[in-house]
Amino acid sequence: MIRVYAHAGGATRPAERVERAWLEPGSPVLVWVDLFNPTPDEGRLLSDVFHFHELAVEDALSTSNDPKVESYGDYLYLILHAIDFKAPEHCFKTHDIDFFLGKTYLVTVHTDESRSIEHMADICGRNAMALGEGPAALMHRIIDMVVDNYRPEIDKLNERLDALEKEVFEKSNPRLARDILDFKRDVASLRRIVQPQRDVVGRLARREFPFIDETVAYRFRDVHDHLVRLVDEAMFFQDRITSLLDAHLSIVSNQLNTVMKILTVIATVFMPLTFITGLYGMNVDLPHFGLGGTRMFWLLMGLMMGISGVMLWYFRRQGWI
Amino acid sequence: MIRVYAHAGGATRPAERVERAWLEPGSPVLVWVDLFNPTPDEGRLLSDVFHFHELAVEDALSTSNDPKVESYGDYLYLILHAIDFKAPEHCFKTHDIDFFLGKTYLVTVHTDESRSIEHMADICGRNAMALGEGPAALMHRIIDMVVDNYRPEIDKLNERLDALEKEVFEKSNPRLARDILDFKRDVASLRRIVQPQRDVVGRLARREFPFIDETVAYRFRDVHDHLVRLVDEAMFFQDRITSLLDAHLSIVSNQLNTVMKILTVIATVFMPLTFITGLYGMNVDLPHFGLGGTRMFWLLMGLMMGISGVMLWYFRRQGWI
Amino acid sequence: MIRVYAHAGGATRPAERVERAWLEPGSPVLVWVDLFNPTPDEGRLLSDVFHFHELAVEDALSTSNDPKVESYGDYLYLILHAIDFKAPEHCFKTHDIDFFLGKTYLVTVHTDESRSIEHMADICGRNAMALGEGPAALMHRIIDMVVDNYRPEIDKLNERLDALEKEVFEKSNPRLARDILDFKRDVASLRRIVQPQRDVVGRLARREFPFIDETVAYRFRDVHDHLVRLVDEAMFFQDRITSLLDAHLSIVSNQLNTVMKILTVIATVFMPLTFITGLYGMNVDLPHFGLGGTRMFWLLMGLMMGISGVMLWYFRRQGWI
Amino acid sequence: MIRVYAHAGGATRPAERVERAWLEPGSPVLVWVDLFNPTPDEGRLLSDVFHFHELAVEDALSTSNDPKVESYGDYLYLILHAIDFKAPEHCFKTHDIDFFLGKTYLVTVHTDESRSIEHMADICGRNAMALGEGPAALMHRIIDMVVDNYRPEIDKLNERLDALEKEVFEKSNPRLARDILDFKRDVASLRRIVQPQRDVVGRLARREFPFIDETVAYRFRDVHDHLVRLVDEAMFFQDRITSLLDAHLSIVSNQLNTVMKILTVIATVFMPLTFITGLYGMNVDLPHFGLGGTRMFWLLMGLMMGISGVMLWYFRRQGWI
Amino acid sequence: MIRVYAHAGGATRPAERVERAWLEPGSPVLVWVDLFNPTPDEGRLLSDVFHFHELAVEDALSTSNDPKVESYGDYLYLILHAIDFKAPEHCFKTHDIDFFLGKTYLVTVHTDESRSIEHMADICGRNAMALGEGPAALMHRIIDMVVDNYRPEIDKLNERLDALEKEVFEKSNPRLARDILDFKRDVASLRRIVQPQRDVVGRLARREFPFIDETVAYRFRDVHDHLVRLVDEAMFFQDRITSLLDAHLSIVSNQLNTVMKILTVIATVFMPLTFITGLYGMNVDLPHFGLGGTRMFWLLMGLMMGISGVMLWYFRRQGWI
């Protein structure tokens, strides 16, 4: 699907198609072209009308490229990643959006539906001044929305981490190891996506490219701050999950220790007792020390109580019970 | 709440409001404006009177931004973090203070009460020369106090770490894993806050910005040294807590080993004895080797003592008991 | 084996041998020479005809050198690594291809059969324009194929990692530790090979060498992107396998805990019971509390049931069973 | 305590006090002033006579600052750390020495007694040429001695590490975990002190400051080499202690494994035997298979020996015993 | 021992002693002086005849310095490390060789016998052109041999690592932890020696020093490649040994798990059985449910078989046996 918005004579209007004349450097018309999941036929627009470099076009039409920015002289080619809102819950997924930024035009290409672009298209449809500030400002607004959409994802990760922490300390969960692994993978994915994105936007903010004037660069500096913060939080999550795993192992070791102490106390107390009962259960003449009736029984009981008492006192002194 | 202190004709005095004329580059009046938890109406001062950049104003009026310094041509915008003294004990929290530094003015914005700013306001109220050295020197004094307030927090962390160390080696604590995790998180927060702060103050000390003259830069170099030291100590804490966790795991492993040795010694000694008593407890004709009376009993007792003795000797030689 | 393809007068044709005249800087003939597993006699071509530096020739004729690029003034010497498709399954192996790139010639040397070079030779045999774009473009096409051949290898590694993950969580495997170790080694090898390769191609893309014109440099930028992605994925694999090992240890610890709890519950329940039966199995006068017939038996049974019940209730409250 | 040594007319002599005239840039008198644990009154010398910057004076009179070097235009301010020889054995402590280096003077300030400075004062008292090479050479000699004094400390750490290694492999020590932790902390302290010191001396060696001429810079390059080596050894110690802890955990795990195998062998052999004796100890009619006398006993004994034999053979095949 | 080889008039010949005239910048004589374990008297040659800097001479005559290169204007001072072939097997040791390289001379100093230098001396004795290419080329040849001698050492380390791997997976070895620790230490030593060596040779290859002309620099680039490879392999060894330790811990944990499962199965099966036999071993009236003869016995046997069967079925379903 192709959408075209052209801004000429002070008003932004949807257009049927891209006029070649609009793309001339000195053209008074500003134009935004959005290709959503383009057919091969629609994709040919990039090379036939815009004359973009074949490698950039190839990248734009394929999926899953890492974020980057490249200058091709009279236009910039950018890849950024937006949150994929159609991915299942508890699963971090992104899709890429490609930008071609020229002096008088912005072309966006994406295969998945993007909330930020839909929102921008909406604005362009209603607000006659939407394209008035030029294509760089338009691109800033889209990127700003893309980055803002990471925030709820971060909050979800934070909640998941809090839940994992609770599980480690409060209630056991056989799926815990797997949940921690899943969490680690999602955080690693987040970092892998956001880190190059931060560098890309940082280059826009530092005005390395002549298309970005100072006003827009200030705005990109703001977006860059948000991305720096995201990277920072991803690192912090990684630290916390690693610490959590350490805490988990420490808790399991302590529990094992406790269990083994209980077993040892029980076994150590009852083994001598069972031995003594076995001794007087033998079918040989047993020494009765002249005790008649059940008095021998009570003597042995007393002996056994004494042994248990000594042992329990010993374990208590060791701090086991 | 807005407080205004103006310095003109050699004396610092509280003022009712900010005169537009005071902000002209060549104005003889120096002014400090403090916005504490500003209402939206008070916040409008930043854009309407001072004409600060809208993105900086937005950052200043929001909370929880990372420390940074940005130059906007004729003024600097700084964010630093101060210790939040209203946070509960055993919990590391900070709030941000925003500074706008111009040639003739300093504007501070903060949503939480700041001890350093209260103290500075006090001084300005009493000392007619407080603003005499210019807004950069005033900013240095506030930042110096902010950084000095980190010191007791570091000492508290040190005490907590010492207590944790004592617990690991001396007395067990079921909350140990959680306390170590909490400590790690607080130290990570400290490092996350202090590290960018160090870089911000470092840039002030290196005189990257023309507002900071050499005298004030020397003073910022001193503040920078304190921050370097704080970062250093945070790293050292992290090292120590990691080592402590290792020590803890090593101690638990050793204890488990000891417990298992005790269990094994007890079981290994008593199992053969119980077997022998069981043997002579069987209801079959038992070989008595011609021994009458309780002599058979004493023979078996002797046999069992012998077995135990051999085993205990063996375990002693192994160094277990 | 030596193959020579010469391009003159607009057509690429196989040639018998390299004419010395073709190698002059201003020669109108472009030539590609491929040495596959050269005999010492064939290898002498490099020094005798091309006059390459003796150290470069030595490197080219030996095997197992790390990827690098070196400028020798009027020619470049490159080493890259290609996937060795003859290595056994589940085993990551590469062999090196050496490139000498001059203004009018490309020389490739390799001791193992290379798919990319075979494919290129095929094209040169059929397509009269194959060498028309110059030796740098030809080299780009070979390197592009070499790098593309890494992709299925990465997919294989990904599958192996998924299988390992499944084994860790679902079914135990005595070879698991070894499989994880093998995987780690393969990923480390991948990273060791791909990382210097990325840097080599990065230098080609950045146009550090005058032989590479802008058109070809753009293409190398594309290859560089692929290599950046490969390095990135190797790092990601390493992260994942480390996390997997952690998960494995955590699972084993938890299982051990479970096993020990079962043992402790069983031992703790049956030891007192066995003691009581031993007590009434002694050959002394036992107190019967005036109970006749089997009523004493049922009394003891009741006592024992009671003790078991209390213990099981205690363990349930502890959350063990 | 203040000591003053002045060098004029080719001879170094102790002086009563510092003459203001000596400090003029072109003064023919070279002077070394040492302040050992200065009283507030003595400390005032730094600001009143030498006119050092107030922040540097403040640092010099306080204790526990990190090593650094700062240029204040016509003098350098250095902080270095010397080994504190009065600290208890098996404990790594340092105290700081402050240097102010001008064209014609050197001022040293320290609150703890420093061996290097005492030694240098001794030399100055006896050798009339001691100050002849200028204050920078004098400072080099003091710093060289300070750095040389680290060597025995490193040797002590090495011995402690060797002892720890012996303990891990040969004899157990309940204090082992604590000793390792203490060692780690001391090595971390060493590294924290020596690393900035290396950078400080490196800057002196690289002739960043005009006071240091080439001859003295060569000597500082030598001191720098020693410090590089110290940092290197501290890193090596850290590596070794970490490996040692790993080895310790591996040994403990192996021991636990051995202990558990013994317990399992014993329990697995005796439990079936005890069951069989229990079986024939029951007070029900037992099957005797027509065997009279003690032959039934020997039959059961044989059965039990057989079961034990099979089990022991099985465990031996498993490599447990 | 001092050996002198002088090259004049197109021939290299051993000489009795160093003539001062040979060392003049424009001298037509090239000279190589080798000091092997010099007496203090021989060592004085360095300062008295060559006038080397006293600090460099001091370093050259002492042992155990880290590799480095230093320029002293008209000569270079280098320290490199060669493999010590007299060290015991399974132990990585090096000794240092010092080089002074001037325009017309090379001086080598070493306290241990060096294979590379012996070999070079041999060549100088037989080949009249050995010194013809100048002292830098001579130094390259010695350094090349020194670096080549690392190769068998690396192969030995590789074999040791393979043997350790086999031990971890196939047969246990009580010395395993110690062997791994020794290996780690040797690899760390290797890396500590080779890394600065690589940097030193890298600086020679980059032609930072005017004595090294382009031809020799190309050769040093080759040596540098070998050292890069050595560092790389040392890193790879470290990775592998760390992974191996992880694998070892994982294997031990799994074994412990297996052992504990066996113990738990045995205990869980036999404890109830022993309880039942104890129950009918009591000296109270036991319920016989009207069963006469040994039928009661077989009833109990059946009950016990049933209990065992249920338990074994349960453990099998859990996947324990």
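Things to note:
We call the chains A, B, C, D and E, going by the order they appear; numbering starts again at 1 in every chain.
One rule holds in what follows: a residue touches a chain if its C-beta (ideal position, glycine included) is under 8 Å from a C-beta of that chain, and two chains touch if they have at least 3 such contacts.
All figures in this text were calculated on a predicted structure; none of them were measured in a lab.
Annotation of subunit B and subunit E: jointly contacted by D, touch as defined at the top.
Inter-chain centre distance (subunit C to subunit D, centres taken as mean C-alpha positions): 40 Å. Distance from the subunit A centre to the subunit C centre is 25 Å, each centre being the mean of its Cα atoms. In subunit D, 249, 253, 256, 260, 263, 267, 271, 274, 278, 281-283, 286 are the positions where the chain touches two or more neighbouring chains simultaneously. The ring sequence of chains is given as A, B, D, E, C, with subunit A as the starting point and subunit B next. Touching subunit D in their complex are the following residues of subunit B: 165, 169, 218-219, 221-222, 225, 228-229, 232, 236, 239-240, 243-244, 246-247, 249-251, 253-254, 256-257, 260-261, 263-264, 267-268, 271-272, 274-275, 278-279, 281-287, 319. Residues 53, 55, 59, 65-66, 68, 70, 72, 172, 174, 176-178, 180-181, 184-185, 188, 192, 245, 248-249, 252-253, 255-256, 259-260, 262-263, 266-267, 270-271, 273-274, 277-278, 280-283, 286, 288, 292-294, 296-297, 300-301 of subunit A are the ones touching subunit C in the complex.
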